[in-house]
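The letters A, B, C and D name the chains in turn, as written, and every chain counts its residues from 1.
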Amino acid sequence: MIFFRNDYSEGAHPAILDALITTNDHQTIGYGEDEYCREAADLIRRRVGRPDGDVHFLVGGTQTNMTALSSFLRPHEAVISPARGHICVHETGAIEATGHKIIAMPTTDAKIRPEQIEEAVLFHCDEHMVKPKVVYITDSTELGTIYSLKELLEIREVCSRYGLYLYLDGARLASALTAPGNDVTLEDLGRLTDAFYIGGTKNGMLFGEAIVILNERLKEDFRYLIKQKGGLLAKGRLLGVQFKAAFETDLYLEMGRHANRMATLLRDGIRDLGYDFLVDSPTNQLFPVFPNELADKLSNECSFEEEGPVDAAHRSIRFVTSWATPEEDVRKLLDVIRQLG
Amino acid sequence: MIFFRNDYSEGAHPAILDALITTNDHQTIGYGEDEYCREAADLIRRRVGRPDGDVHFLVGGTQTNMTALSSFLRPHEAVISPARGHICVHETGAIEATGHKIIAMPTTDAKIRPEQIEEAVLFHCDEHMVKPKVVYITDSTELGTIYSLKELLEIREVCSRYGLYLYLDGARLASALTAPGNDVTLEDLGRLTDAFYIGGTKNGMLFGEAIVILNERLKEDFRYLIKQKGGLLAKGRLLGVQFKAAFETDLYLEMGRHANRMATLLRDGIRDLGYDFLVDSPTNQLFPVFPNELADKLSNECSFEEEGPVDAAHRSIRFVTSWATPEEDVRKLLDVIRQLG
Amino acid sequence: MIFFRNDYSEGAHPAILDALITTNDHQTIGYGEDEYCREAADLIRRRVGRPDGDVHFLVGGTQTNMTALSSFLRPHEAVISPARGHICVHETGAIEATGHKIIAMPTTDAKIRPEQIEEAVLFHCDEHMVKPKVVYITDSTELGTIYSLKELLEIREVCSRYGLYLYLDGARLASALTAPGNDVTLEDLGRLTDAFYIGGTKNGMLFGEAIVILNERLKEDFRYLIKQKGGLLAKGRLLGVQFKAAFETDLYLEMGRHANRMATLLRDGIRDLGYDFLVDSPTNQLFPVFPNELADKLSNECSFEEEGPVDAAHRSIRFVTSWATPEEDVRKLLDVIRQLG
Amino acid sequence: MIFFRNDYSEGAHPAILDALITTNDHQTIGYGEDEYCREAADLIRRRVGRPDGDVHFLVGGTQTNMTALSSFLRPHEAVISPARGHICVHETGAIEATGHKIIAMPTTDAKIRPEQIEEAVLFHCDEHMVKPKVVYITDSTELGTIYSLKELLEIREVCSRYGLYLYLDGARLASALTAPGNDVTLEDLGRLTDAFYIGGTKNGMLFGEAIVILNERLKEDFRYLIKQKGGLLAKGRLLGVQFKAAFETDLYLEMGRHANRMATLLRDGIRDLGYDFLVDSPTNQLFPVFPNELADKLSNECSFEEEGPVDAAHRSIRFVTSWATPEEDVRKLLDVIRQLG
């Protein structure tokens, strides 16, 4: 069985694991106030170009999203999200469980457009409705697409015009920032968002996400919220150690680059075999459209997720590459598709 | 600086770390549905003597408590807890944040008594007040004390009489179950509680708590709650791997035994030096009462937590031993106390 | 200025007000445990044909919806609603504020269809998503449309098939049940829903909604929830007195009939003047489509709400009739439209 | 049966009822944006001496408390309250249901002392605990006691020193402000609190509480919160009409004065008969201590609430007078006590 199911099928990248092993016996104080976390935060601040940013480390993506949004919003305020957004669909109502409505805007490519943000704001016009206050986007998105710098600038503009915070979920940020055609940098996110998180779980760490809070108004007491939502890891140093290892060299982005190289190889191969894709995604998630019969047979050879039916005879499935994907597995998968197709 | 600050100052026990290293490259499906989690759950069920129990793995204690209690309670239902309980004081209102009142009963030793449970139930007599539904206890407690089997039986009886669930927080269960004088076993907990959790974070794992749900009425859809509260680890196998390593041998209890041996050495030494304790605790948390001057000086040599003033001239501090405490450190600490005292 | 803005522009129907005056000096115990509430509940149970039903009185619609849904749902469970549903749009996120996601299904007439319920259930397939548990419908709907008995039977069937509760918001139930073409009765609701509420605020009372809980599993401790959500009126008798007055004669339905007669007069008149409607609504809410210019001028003569643009030159507005609408006002409004049109 | 059970056993004071009758047919816009509410708010602002204050009308006390506190607090912030406070005990966990912990401080007279506020603040010292942010007091208290101006000034001082908001629950404010010995005025509350509410339900209205928000930082979007918590009455004018009637003359305070006069008569009579009181309360709630036998017999003649046992042979019960209590009933009750005693 070849695994193209997701980018968290293994443990950690060897360099990350080594850092954990090397530091295992060191004694530190708990809850992320240790020197590893401090150094990792400094490295990230430097890379983001915002020495004034607050950096906190959390364990997972859902946890980070619910902690951040529940901290940023008053009870009647809501978050605008593409309908395909992770918080809308795949977090078991975690955001609503903290009391907030998600205003879901329909999309075909999982990316929200500035005019949709404006539409949502104008619709919610009085106290009988929730008040939109945060715009949530993901990069890369749940469909593997990415935002261009121009798109981010336009979204920032509409957010500023209507007094909205812009929050970016970077669960797969490494793949986004190193994707072919991407023109967005960490510095751009430091400049354009009010807060965003840098994903580790889906990019070679055992677990861990680093949230960077840039807007002064969103910083106060954030550690209280982390603790209350169950995210303040006793051995918080585990997060610092991993992020330090990923950011003191180019490792964080290099893991994304590898995933993208494998995705490109697979994408080109599938295209050469004559198959199309549900959406044009330049990152490590691919959504080929296969005849149902082929998809059925494939599932005996390869572990992947189903995306959904496209028409009566075809459906889309999802292949994910990662920092750990060997080129050999890609070639094997292409062979299998060729033989079964 | 010697560390007696807590039992999570290091990484993992070498055997736990080895298990993580050995399994690092294996590919598994995510979210705790892998074979390691299955095996670890089986081991725990066997040890608890309840093949019908549901076992889930979570990352930390606050997360486990808030997930469990929010799953077990309807909106108007409340949890009865000793006032010193971790959920009352040190979880930043995590339980209230899920909507539930904690009915805090005063204690001197952090242990609730059956008649206090009855008192709380009888006081809350109509729909203008919350309805008590769960009793929360910890073993060992926040003051290092433990429940005897007789005490647990009495608490179980009053819970059954009033239709209350009994939930036990076992963040430091290893130390409790292996403490001098303890007569409670994992099988007893499997028989007497409706749910309890086995703590890993404070007993040699990188992180991780295993909740065991015994009451059939509390089992449904628990994984939904874990996900919603941000606790469903993508690489869930990390929890399975660690608990498997701890439970396929006697390692889990052995780590507790070591912590207790070091605590006994320290306790006896402090007593021999003529100091008393705030409370009589047979486990890995000790609360000596020192003259303020001694406590002040000690803080330059040893990392520990303050408990609070006892009178104008004395205060209590907390020493914690762990699986990782070397006997040498205990002797060093006793020497320092002797010299400074 | 003529008022067709809503059905709560005045105080109470004279007979309701008289009942309040007559009983004003009687001393009763509080919180709805008085004899007026008991009698009113009995009257309603009889009319619904369900002597086993629980009847509770609340002050307003949003309060009733949020109390009911937060009582019926576990934290990870969600409510399926037409996207136009009152809980989706006009309750400032009250349902989400109690922790629950609303799964909004698109409609043109504010009525959900059985296949949409099935679609929502099948989509939410695992613990990474919320679990649909209640279907929320309104009758008459936010667009003035009504469900036929056949439609209700089909919705009931799909609910039963998937273990969903059916909850009906009857804020404008009087108008629905007495609308031309309606074939649904209170007994049908008693038979087909798990709970529903009979609206008083929008049908001649000062305020008040009567929720009828039919499913045994939803009854427990409902008064606790009312109290917790701020809905347990100290002088609860005010609700009993009003509902008793409305239900000891035919008054409740007769008020709906009057509103519908006035609506029919207005609808026919507008149609005769050559205007069309956004949707075909047989109840007391009408949504005529007017040229923008006409709508603008009308707003100087008549108080109404805007529904929204239909095309560049036209928009829809909302006229609402009520138990209090004099025939004279309808004729006056038609005259004004004729003159301005 | 004579009623001394509470101050909401009847409907409304005749003058309040008249105002409702007179205005019944007037058509107004909904949700408290009508002219009656505007005029009532103006009257209150003038009486409070704060033309800049925001005034909102809600239906009941629990609703007002939970709306205010959930609006004023961020998720990790808590409210300090006397343990006897209404929000602690008699609101079915309504505050916790909005996510906030109540820090309950023990008292014998239901009044919090400044040093207790300081103690609560100093104890909660880091992000592992909730952060105290609001002090909640009631006047008159749940035991009928009142705060002196000096006490309020001291509480204000400690609140200002620690950045806490002061919120006063005035469910029985009329009785407090007109009690023998009281030296606090509405202007004092306008000057010393950040927000407080003027109770109507327990002082002659059908229902209704007027919250006055004085601190600029607490004003934003409060109507959203009212709507979300189910408190935005469709016929909001009912609240305006009643408060206008109570405040355009001296009626509001006069009703309190009457209740207090009747209480004084009853208090003196009971004392003359040789009985003592649980607490010295100058307002309309009295807590006499009776032999159990007397209390038992009394319950056949008079409707009252039990307070609780004082010793094995005695218990305290509660008598409440109101705007509606006839002097004759007081004399009758005293006669009964004399005969049964």
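Here, a contact is a pair of C-beta atoms (placed from the backbone, for glycine too) under 8 Å apart; a residue touches a chain by one contact, two chains touch by 3 or more.
Only a predicted model underlies this, so the values are computations on that prediction, with no experimental measurement involved.
Chains making contact with chain B as well as with chain C: A, D. Centroid distances from chain A, each centroid being the mean of CA atoms, peak for D. The distance from the centre of chain A to the centre of chain B, with each centre set as the mean of the Cα atoms, comes to 33 Å. For the pair chain A and chain D, the distance between mean C-alpha positions equals 50 Å. Separation between the centroids of chain A and chain C, computed from CA atoms only, is 42 Å.
Counting only residues that touch two or more partner chains, chain C has 75-76, 91-93, 97-99, 127-128, 130, 224, 227-228, 232. On the side of chain C, the complex with chain D involves touching residues 3, 5-6, 8-12, 14, 17, 20-21, 23-30, 59-64, 66-67, 91-94, 97-98, 201-202, 206-207, 224, 227-235, 237-238, 303, 324.
By the touch rule above, chain B contacts chain D in their complex via residues 75-76, 78, 89-93, 96-102, 104, 127-130. Residues 31, 70-71, 74-76, 98-99, 127-128, 130-131, 221, 223-228, 232 of chain A touch chain D in their complex.
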